[in-house]
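After this come two complexes, each holding subunit A, first together with subunit B and then together with subunit C.
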Partner chain A sequence: MQPITLTLQKRDGTQWLEKLLSLGEVIAPVHGSGEDVIFSTAACADAVLWDFVNPLHPPKRIVLPQTDPLVKIKDNGQGHEVEPIYDDAPRILFNARSCDAKGIAFLTRMHEMEPADESYLRRALRLTVISLACTAPCPLGFCVCTNSGPFLSDGYDVQLTDLGENYLVEVASQKGHATVSCAPSLFRPATESEIAQRKRLEAEARNHFGEETCHFASAMRRVSTGRVSDALWQRISDWCLECGACNFVCPTCYCFSVKDLGRNGGWVRCRMWDSCQYTAFTLEASGHNPRPERKERMKRRFFHKVSAQYYQRDAMVGCVGCGRCIKACLGTTSMPAVVNAIRKGKWNE
Partner chain B sequence: MNNVYLPTVAQLVNVCDETPDTKTFTLRFREQGNGNHFHFLPGQFFELSVFGYGEAPFCIASSPTRPDTFETTVRRTGQLTDALHRLGNGEEVGVRGPFGNGFDLEAARGKDLLFVGGGIGLPPLRSLIWNVLDEREKFGKVTILYGARTPTDLVYKQELQEWGKRPDVEFHVTVDVADTSWTGNVGVVPILFEKTTLHPESTLAYVCGPPIMIRFVVRDLFVRGFKEEAVISTLERMMQCGIGKCNHCAIGHRYVCRDGPVFNYGQIKELVE
Partner chain C sequence: MLSVSTTCPFCACGCGLYLLAEPRELAGVAPSETHPVSSGRLCARGWGAHEAALWGNRLKKPLINKHGTLEIASWEDALDCVARRMTDLIKAGKPVGVLGSARATNEENYLACKLARAGLRTNNVDSCFNRLCAPLLAGLEDVCGENVPSACIDDIERSQTILLTEGDLARTHPRAASSVLKAVEGGARLITLGYLGTQMARIASLHLETAPGNEGEVIDRLLAAVLNLRLEDPTWVAQHCNGLDDLRRAISSTRLTDEASQAAERLARAERAVILMAPPIGHPNQARRDAAALATLAALTGLLVKPGSGLLPLLPRSNARGACDMGVTQGYLPGHQPICDPCAQQRLSDLWGQQLPSADGLDAESLLQSVSGLIVLADDPPSVLPIGQRAMAALAKIEFLAVLDSFETSTSRMAHAVLPIASFAETEGTITNMEGRVQEIHAATVPPGEARPGWQVLAGLCARFGVGVSYDSAGDVLNEIGLAAPQYARREQRMPDKVWGGQAVQGLNGRKYNLRAAGVASLPTDDRPTLLVRDEVFDWGSDPLISYSPTLSRDSQSQRKLFPKGFVEIGKPYADELGIPVGRQVRLTSATGQAVLPLRLRPGLKPGVLVVPFAFRDHVAQVLGADGVTAVRLEQA
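And now, the complex of A and B:
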């Protein structure tokens, strides 16, 4: 499909959302309890936030729930029946930030690799991602370093840009098209000057990122060739509390374990989030553990995220620059801090 | 698209005690019709479900040349294997697979083959051994060296005797610690190298066993002139999915489940944690 660029008047935003709510579940940034902003099902159009700081938890759980049912197992008395569980519900992710849209695109590419993961893909195929470009950097974000923001050139179905009076609506896919064709009267083709304004806003947003960002290239060179000393890994992991929060809030982390849960007299085989920072992640039945020490697990995490070997496979680093690990880490092992330490060969005291 | 996590229901058609904590399970697909056999290569593994307990990877211990059923030999060592050990004939389990690369049979054609197994490391070799013995004319000299901690810990006791009697197989067995009934070799596996003549230039060596045994056996093989590419082993890692997705078995950017579990020593050296 040829990409098209439209304009939506801001005051029509609510009307559009009401249309979208009739198409399926709309998941968007909404107020949770207290002051928290969370990604959750929007009960009505007015609940959807347009001006917000990105929630601590990314919308990854829409496509990859923390406990993801894969197979139903039942003993019918004569024998066991097994059947796959699929989630084909149509969903719209609305007002996701660029980093989170890119995170979902990353997960989808990974699950498409042979052998393709049907459980994930069926859910992802029914998900329409409507992203909201960032006209200013968020407090902890460094998406300019990971090519996943502040504006996107791919990885979305529809990208919205706040132009002041209007939203610019860039439609990139068939799924995206369905979300605008359901309310044709609300949209008109964008003018040249509106498109120029979007370009200007993107350039301005890029310029607002400070120097304190995340320089992956030289870190990648060192991580890929094993030129990070053991002592530095030890120092980096000194303040890791092995809580796994960095994994769970990361839009690109997908490591999992498989467990059977008892349900209705049978079982449901589930995929569950796991963390490479846990000792038991590599613990074998024999008792042998190839990564018994925290520094080894830290090394593993950053090899998977930053190495050229994985960059070659995934066409991006395993980071979308959202800055959530900075916020979630109870210690000091966030992506920018570690990349910086690797790059300089020493921990920044 | 086939669902990669959906197991196929199989039945246990035989359960046989090997040692006090190890059993061999013979499996057969419940709906086994024409051609619905388990197609695999020696050295590959599969994910075995004990329903309600989850699944875990086990090597296939039988040869693909005997396709009606397939076997796996499992030591009781955790919740899932404990539950598996409680199952008997006719009971059902789930099977996914086969997974992994398996041994390269074509590369072994015409070569002399040396199998060195320790303890519970024999099952993956057994799949290849029986494949080779069932197509004996395709291969050169076959030598099998096997050792275990005690005579009780030897697996496939019946077959060990059979291999010992075959004129087309050179077989030696040893135990670390003998009991009163044992009249054979006593000592660790590498002592068996003294009992046989090796031809490193024409031989492929397959080594499976506990890490400590592998270390000494491989060192001895190199001292005797084996090249790294001629020494082949299977790696073990904690695994969940078996298809390179869950990341438990990753070593660098390689996955034991997909790129392995069979590697030669040249390849193993290149694996960077």
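And now, the complex of A and C:
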């Protein structure tokens, strides 16, 4: 379908959300405990936040849950019956930030590759992503370096931009169209000046990125040509505590392990988030581990994230610049810190 | 998709997290970004906190031993059976006891304490982790008059100097280690003290190396350096400390070193400094003296009064502090009141409506080996106590063993009555972290089968022993705790932060500090003996929250499979010096016995030291004495 650009009056936001709540589960930034903001099922329209710093835990679990039931296995006496588990529930991810919308688009491309992952794709196909463009950089974000924000040109179904009195509503897909056509009276076509204002806001936002940026190009050259010394990886690895948070909060990480869960006399085969930084991630049944040392695992992680080989395959680095790993890292080895060390060949010197 | 805010169930840092649940099934974990302890950071264990409750072998129905096999029973029958069997043993004059747990909530531990002291009328109540906590906290109390931490995890990150007596902080308390890393990155000086070349030792600006079990000697050198360099504030010390002259005498022959002087200066001259104190290794008496000497060092260098500075004991497991506070410890009633204190005795007798026993109780290890009737709450003594398999043998001799747990363990398999309780993910309650912060845990799902919240089951047992009170919720139990343990009273009003829970244990001002030295440990005096040391870093692989988690159990399971006979670790330089190829079987011989097991490399281990992981302690039980360090002869088998 042709993209269309509409305008929604801010005061009608709640009414629109009420309509959306009747279409399916709406997952949005809401208040958690204390000052926390988390992505969770919105119980009502008023619970949804419009002014917030992006939650630390990304919404990727909507399409890729930490514990993801894939198939039911039953022993029928003669053999094993296998029945796939599909989650076809319609869901709307509302007020996701650009980086997260881009992250889900990345994951979907990845799971579409042959052999396509139907379990993932069914969830992703029923998910409508309504993103809220960032008119100011968030405290730790560096999405300008990864081409995943502050505004998006693709990767969303609907993109909202805060124009002050109104929201500009860019509808890019059929799924997006369904979310506005359910409440046609709330929207009107956007004016030329509103579209111009959006462009101005994007340019302004881009100019406001501060020091938290991450220069991938030269790091990519060094990683791809093997010019990062083992000694450097060794030094960096002492500043990692192997928590796996860099993987778990990363909107683009998707590595997993598989384990059967006993239920109702049979089993449910589950895919579970795993971390390439864990010692046992590459542990083989024989007890052999091809990457027993942390420095080897870190090297592998950054090769996957920023090497030319993967850039060519994925058309982007494995990072959307959300900055979550800076906050969640138990050590000091976040994406920008390590990319910087790779570029300069130095760590804490 | 449900997100329930709760507290991490693993180490004593007490990080905040959300349990994520789909209807009736746990699905994952999310960090809590503004939690005052964790501020959005979780370790691998925290990230896998949902797994054990989901995947574990859960106890689902009450079971009673009938004719030699465990059979399903109703809750009423099971509780009646426990009451009847324990009563019969008491009437027959046989000793009985209760083990509480550092993995149970405050409410559960409090009721376990009440059940033992008021219901069963015995002071035989302890928890297996107290062997590590008790010397640490007692040493602190010897100096400060109370066992209260004077620093919190948040202070670490803002310190200029950090002194860490190193177990292996990166493995034991990752969130605290995180603060150390961030502080060092920001320019703080880290001084580590210990026998292992750990990750923290590698990033330290100064590593004070000791022989295992000989940490006290180095701590005394630090004390000597402080006094020698006159780093203490003499006026303050004169006003607030006792025993300075005795301390001077005790360390008069201590050798001064440049390293110790440098460390003492860093500690005393910093505007903000913290001492992180891991459970010391070696004999409990020496461990207590080492802890007291560290508290003395903190007092002399002004850390106990400088804002943002202080001493933080690193307790091993999530609710180790809470279990002590609840009176699940030898010699103390709830609120850390000595059992011999007549006022405390009277207050609790009034509250519980029962005269309290006055005879001293036994510690966990002795209790296990001498009682005829035992109730174990959420613990597995064979995997936690150093005596390992001997604990198993002791359990087998017990006439009546009742176990309350969420998970099947080696202990629950030997029980005569099994009472299934809700895991941390399915119950309400509080746990107290090592800082003394009382934090809430909340249910994200329902317990499996007929399992019930532990506080309900314990309340049912209390009622059968005539000390029952009808509680409607875990909150009712907490209210009663406030009456029993003054530190927990009016908790809500003292909360600095209404959402996250407040500090229960707070320092009482106006006391004088009693200065003490560690006293040099007596080590074997041969010419550089080879020392075998049991690694006291808790074997998480044996904890059901790890062993039942598919993601977290892989390393420990693989090690157990690959090394069914265990192994002993050696540093590369020492292996080269002795000319023993790594991977080969070696024979260890000590004064008490010998063992043969494979040799493995461990980076950072100095010559003369061999380490056996806690998980494999049974394989060297004949060689290793009770203290955990012994001189051995090593030869190729």
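Here is the rule we use: the second predicted complex is superposed on the first by the 341 of 349 C-alpha atoms of A that agree within 3 Å, B and C clash if a C-alpha of one lies under 4 Å from a C-alpha of the other, contacts with A are read in each partner's own complex, and residues count from 1 in each chain.
The working rule: a contact is a pair of C-beta atoms (placed from the backbone, for glycine too) under 8 Å apart; a residue touches a chain by one contact, two chains touch by 3 or more.
Remember, it's a predicted structure, so these values are computed and weren't measured experimentally.
J.: Judging by the criteria at the top, classify the pair subunit B and subunit C on subunit A as clash or fit.
T.: By the criteria stated at the top, subunit C and subunit B fit after superposition, with no clash.
J.: Could you give the angle made at the Cα centre of subunit A by the lines to the Cα centres of subunit B and subunit C, to the nearest 10°?
T.: Apex at subunit A; the opening toward subunit B and subunit C is 80 degrees.
J.: Give one of first, second, both or neither to describe whether A:269 is in contact with subunit B, with subunit C, with both, or with none.
T.: After superposition on chain A, A:269 lies in contact with subunit B alone.
J.: Quick check on the superposed pair: does A:33 touch subunit B, subunit C, both, or neither? Answer first, second, both or neither.
T.: second
J.: Based on the superposed arrangement, let me know which partner A:44 touches: subunit B (first), subunit C (second), both, or neither?
T.: The answer is neither, since A:44 touches no partner chain.
J.: Between subunit B (first) and subunit C (second), which does A:75 come into contact with in this model arrangement: first, second, both, or neither?
T.: So A:75 only meets subunit B here.
J.: Given the touch rule stated above, what does A:136 touch, subunit B (first), subunit C (second), both, or neither?
T.: A:136 sits against neither subunit B nor subunit C.
J.: So in the superposed three-chain picture, is A:118 touching just subunit B, just subunit C, both, or none of them (first/second/both/neither)?
T.: Once the two structures are laid over each other on A, A:118 reaches subunit B alone.
J.: For A:304, decide between first (touching subunit B), second (touching subunit C), both and neither.
T.: After superposing on A, A:304 lies in contact with subunit B but is clear of subunit C.
J.: State whether A:217 touches subunit B only (first), subunit C only (second), both chains, or neither.
T.: neither
J.: Please indicate which partner A:256 is in contact with in the superposed arrangement: first for subunit B, second for subunit C, both, or neither.
T.: So A:256 only meets subunit B here.
J.: Between subunit B and subunit C, report the minimum C-alpha distance in the superposition, expressed in whole angstrom.
T.: 7
J.: Please write out, lowest number first, the residues of subunit A touched by both subunit B and subunit C across the two complexes.
T.: Residues common to the subunit A contacts of subunit C and of subunit B are 257, 259, 274, 283, listed in rising order.
J.: Would you pull the subunit A residues touching subunit C in the complex into a rising list?
T.: Against subunit C, subunit A makes touches at 25, 27, 32-38, 40-41, 55-57, 61-62, 65-67, 238-239, 241-245, 248-249, 257, 259, 261, 272-275, 278-280, 283, 287, 327-332, 348.
J.: For subunit A, which residues count as touching subunit B in their complex?
T.: 70-71, 73, 75, 79-84, 110-111, 113, 115-119, 121, 226, 254-260, 262, 267, 269, 271, 274, 276, 281-286, 288, 290-291, 296, 299-300, 303-304, 307, 309-310, 313
J.: For subunit B, which residues are in contact with subunit A within the complex?
T.: Interface residues on subunit B, with respect to subunit A: 1-9, 30, 49, 51-56, 77-78, 81, 92, 94, 211, 236-238, 240-241, 243-248, 250-253, 272-273.
J.: Given the complex with subunit A, which residues does subunit C contribute to the contact?
T.: 1-3, 5, 16, 18, 20, 22, 25-35, 40-44, 46-47, 50-51, 54-55, 170, 174-175, 177-178, 181-182, 185, 199, 202-203, 497, 499-500, 550-551, 554-555, 558, 561-562
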